[in-house]
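Note that chain A is present in both complexes that follow, paired respectively with chain B and with chain C.
Presenting the complex of A and B:
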C-alpha cells in the first residue's frame, strides 16, 4: 500500500506519541513512586471516573474557558487597535514601537501581585492577566506586519482616492495577515498561560485551582489528566487559529 | 492653437488639459542644509488629448512632478490646474495613475483588483463587472480574470495593470515608467498596444520614461528636463499621427529625433554623474 507524504508524516507522529506513552506506562508501573507519577492508563481512568464525575472540575473547566475567551477577545481587540495606531505612520513606529517591545520583554509574573491588588481575586484579575500576556505578541506582529508594506500599493490607493478605512481594510490588513496570524497564535498560547498562572496564584476556582489542589494532596493521576486536558485545549485552539489562517491566506496557494 | 517654442510657454489656457504654473518642490533633508530642490519653478501646459513624455536624467524630478500633478504631493510653491480646477489632493475622477511596477494587489484576483480600485474611486457598483470585462477584453486578457497576479508573467501583469488604469475612464492618465520592469521586446509590444488603445480615446497622457525610443515612438511632445535643480530644458515635438506602426521606427526621421533627444540629454547625464562623484567624494571626506 502506498501512502502520500502527508499521511506518512501523520502516522509517524502518531507512532511516536504512542511509543512515548508506552515507555511512560512501563516506567510508571515498574519503577516510579506512585505518589508522584501515574501511568497513562491510570491517568485516563482518573480522567473518566474521577475528574468528569466531580462537578467542581467541570465547572472549573467552563469557568477557565470562559475567562480565556474573554481575555483573548480583549487581547485581539486591544492588540489590533493599538498595533494599527502605532504602525500607521513611521513616526508612530519610531516613537512607540520600542516602548511596546520593552514592555513585551518584562516577565509579567512579577506584576501578578499588582494585578491581584488592583483587580481582586475574581475573574477580572485573570482576564486582565491573560489579556496582558496575549496583547503584546498580537500588537507587535500587527506593527511589524504594517512596517513591510510596498509603498507603491499605498500610493496607488491614495491616487485612487481611497479613504483611510479603505487603505486599512484592503491594503494593510491583507498585507499583514500572515504576520497577524502568527501574532494571534502566539497570543492564544500566552493568554492561556496568563490565565492559568493567575489561577495557580490566587484562585479558589478554575483549572489552576484544581491542579494546585491535586498536587498538594499527592494525587497524581487526576493531576496529569488535568494537565493533559490543558495541553489538549492549547493544541485545539492553536489548530483552530491555523485553520482560519489557511482560509485567510488562500491566495498564497 | 499657439505654437510652443521655447521651454514652458503657454499654449492657450482653453486647450490645456494640465497647466503647471511655477511649481517648486523642495524636500526637507535631515538638516536644513541637506534640503533637496527637486523642481525649480516649472511652468508648462499640456494640451488636451496629447500623449506627452517627461524625459530627463535620473533624479531630475520626473516622478516628483507626476506626483504633484496627480495630487499625491503638495508642491512647495506654485500650482497645478486640471481643466481649470486647481489640484488639491488626488482626483480619481479626472486622473488615473499607473505606476512603475505592477501595483496589482497579490491577495486579490484580477477581477477583485479591478473591483477594489473601482470601489476606491467610488465608481457605481453596477458598472464594475462590465468595465472589468471590457478593459480586459481590450488588452486580450479576459481569460485571466480569475487568476491571481502572481500566476501571470510580469508582462501580462503590466498589461492588466494598464487595462485597470484605463478602465477608470479618466480623461488624464499619468504613467511613471510603466514598462521599466519589462524586457525590451515586451515593452515595445506593449508600447504599440498602448499607442493603439489610446489613439481613439482622446485621452491626455503624461508618461515618464528613460527610453529614448519609447519617448519618440509614443509621444506627441517630449519635455526634456535638466537636473539639479530639476527644470524644463526644451520641448521636442513629434509630428506623427497615432496609432503609430512599427514602421515608424525604421524611418530616418525616427532616428534623427532619437539622436536629437540623446544630444540634449547626454550632457545632462554626464553632468549629473560628475556632481554625483563630487558630492560622494565630499561625503567620504567628512
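Presenting the complex of A and C:
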C-alpha cells in the first residue's frame, strides 16, 4: 500500500515530534540537572496535577485570554478604521502610508515601561500594549489592499450614486479581502506578542508572576507545562484565524 | 512633473506630521495638562540625553545592546541559511518543514523567554540566544523561498558542466536567490533588534532595554524618553538605509 504525499508528510512530522520528545525524555532522565530541565512525562504530570489544581494559574490563563480578545477586537477596529481613512485617497496613501510603515518598524517594546506608567499593571496596560502591536499589520494591509483597486470600479460606483459606505462595503471590501485577511492573521500574531510581553513584564500578577515563581524556585516541570499550554493556545488561535481566512476567501475559488 | 509636485507635497505633509508631533509634545508639556512624570518636556529630555552621553552610560549601554544584536543577527543569518540550504535539497523536506517553521514563527516565541533566563541567566548570552532564535525564522523562511525559486535548468546546467556543490551554491543558487534572502536578512535585523531590547526590558542587568525599564521604575521620565527617542530615531534611520540598500541590490 502506498501512502499519498500528504499522508507521508503528516507521518514524517509525527515521527519527528515523537523522536524529539523521546530524546528529550532520555536526556532529561539520565543527564540533565533537574533544577533546569524536566522530562516531558513529568511536564504532563505537572500540567494535570499542579497547574490545573492551582486556581491562581487558571485565573491567570482565563484573564489573559480575554485580555487578548479585547485587544484583538480593538486592533481590528482601529486598524480597519485608520486603514480606510489613510487608504481612501491616493494623496492620503502617499502622505501617510510611509508614516504608518515607519511607525510599524519601531521596536515597540521600548514603550512597554511607559505603558505601565500610564495604564498601571492591570489588564488595561496589557490590552493597550496588545492593541498597539496588533493595530499596525491590520492598518498596513488594509491600506495596501486599497492601493491596487481598479479606478473604473470607483468611478462607476460614484456615477451610480453609491454612498461612501456602499463604496467601502461593495467595492473596497471584496477587492482587499485577501490583503485584509493577511493583516488579520499577522495582527493576531502580533497582538499575542504584545500581550505576552506585557504579561511577562508585569511579574507581580498573572502569567508573569507564575513563570517568575517557577523559574526562581527552580521548579521546571510546571514552568514548561505553563509555557506549553500558552504555546498551544497561541497555535489554536492562529489556526482559528487561518480557518476563517480560508472560509472567507472560498468564494473566490 | 505632476508626480514631482505631489511627491513634494506628501513629503511636506510628512515633515508637517513630525513638526506637529514635536509641537504637540512641547505644547502639552508646557500647558502642564499631562503630568511631567508621563510626558517630560522636550527640553528636559534633551538635557537628559546630553547627560547620558557625557556620563559615558550612553556608550556603555549602546555597546552591550549593539554587540548582543550583532551576535544574535550573525547566528540567525548563518543558522537560517544553512537550515534552508539543507531543507531545499529535497522537495519533500520543504513540504515537511516549511509550514512547520512558518507555524512556529506565528506563535510569540517570547513565551520561551523564561526558559532562556532559566538556562543562561540574566547576562547578555540569554538575550543573544533568544534573539537569534527569533531572527532565525525570517532568514530561514526567505532562504527556503529563495533557494526553491532557483530554476531547475540552471542547476542542471551547472551540474552537467561539472560544477561542484560549492561552486553551484556560490555561482548559481546564491546570486539567483539573493534578493529574496536579503529581504529575510533585513527583517531578521529588526526582529533581532526588537528581541534584544525586549529581552533586556524583561530581565537583564545591562543594555538599553534595561536602562529604559530602570528609568521607568526610578521615576526618571526624562532619561526614559531620551532612550526612547534615540531608539526610534535609530530604527527609523536604519530602516530607511537598509531598504535603500536592499532595493539597490535587487535592482542589479
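Going forward, the second predicted complex is superposed on the first by the 244 of 253 C-alpha atoms of A that agree within 3 Å, B and C clash if a C-alpha of one lies under 4 Å from a C-alpha of the other, contacts with A are read in each partner's own complex, and residues count from 1 in each chain.
By our rule, a residue touches a chain if its C-beta (ideal position, glycine included) is under 8 Å from a C-beta of that chain, and two chains touch if they have at least 3 such contacts.
Just so it is clear, the structure is predicted and the values come from calculations on it, not from any experiment.
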item	value
First, second, both or neither for A:30, with chain B first and chain C second	neither
First, second, both or neither for A:230, with chain B first and chain C second	second
Which of chain B and chain C A:152 touches, first, second, both or neither	first
Residues of chain A touched, compared between chain B and chain C (which is higher)	C
Chain B versus chain C as contact partner of A:161, first or second or both or neither	first
Contacts of A:197 with chain B and chain C, given as first, second, both or neither	second
First, second, both or neither for A:114, with chain B first and chain C second	second
First, second, both or neither for A:189, with chain B first and chain C second	second
Which superposed partner A:170 touches (first chain B, second chain C, both, neither)	first
Interfacial residue positions of chain B with respect to chain A in the complex	67, 70-72, 90-92, 95-97, 99-101, 103, 105-109, 116-117, 119-122, 148, 150, 168
Residue ranges of chain A in contact with chain B within the complex	150, 152-153, 155-162, 166, 170-171, 174-175, 177, 251, 253
Interface residues, chain C side, partner chain A - complex	6-7, 9-10, 13-14, 17, 37-38, 92, 95-96, 100, 103, 106-108, 110-115, 117-119, 190, 193-194, 197-198, 201-202, 208-209, 212-213, 215-217, 221, 224, 227-228, 231-232, 235-236, 239
Chain C-touching residues of chain A, taken from the complex the two chains share	5, 8-9, 12-13, 16, 36, 91, 94-96, 98-99, 102, 105-114, 116-118, 185, 189, 192-193, 196-197, 200-201, 211-212, 214-215, 218, 220, 223-224, 227, 230-231, 234-235, 238
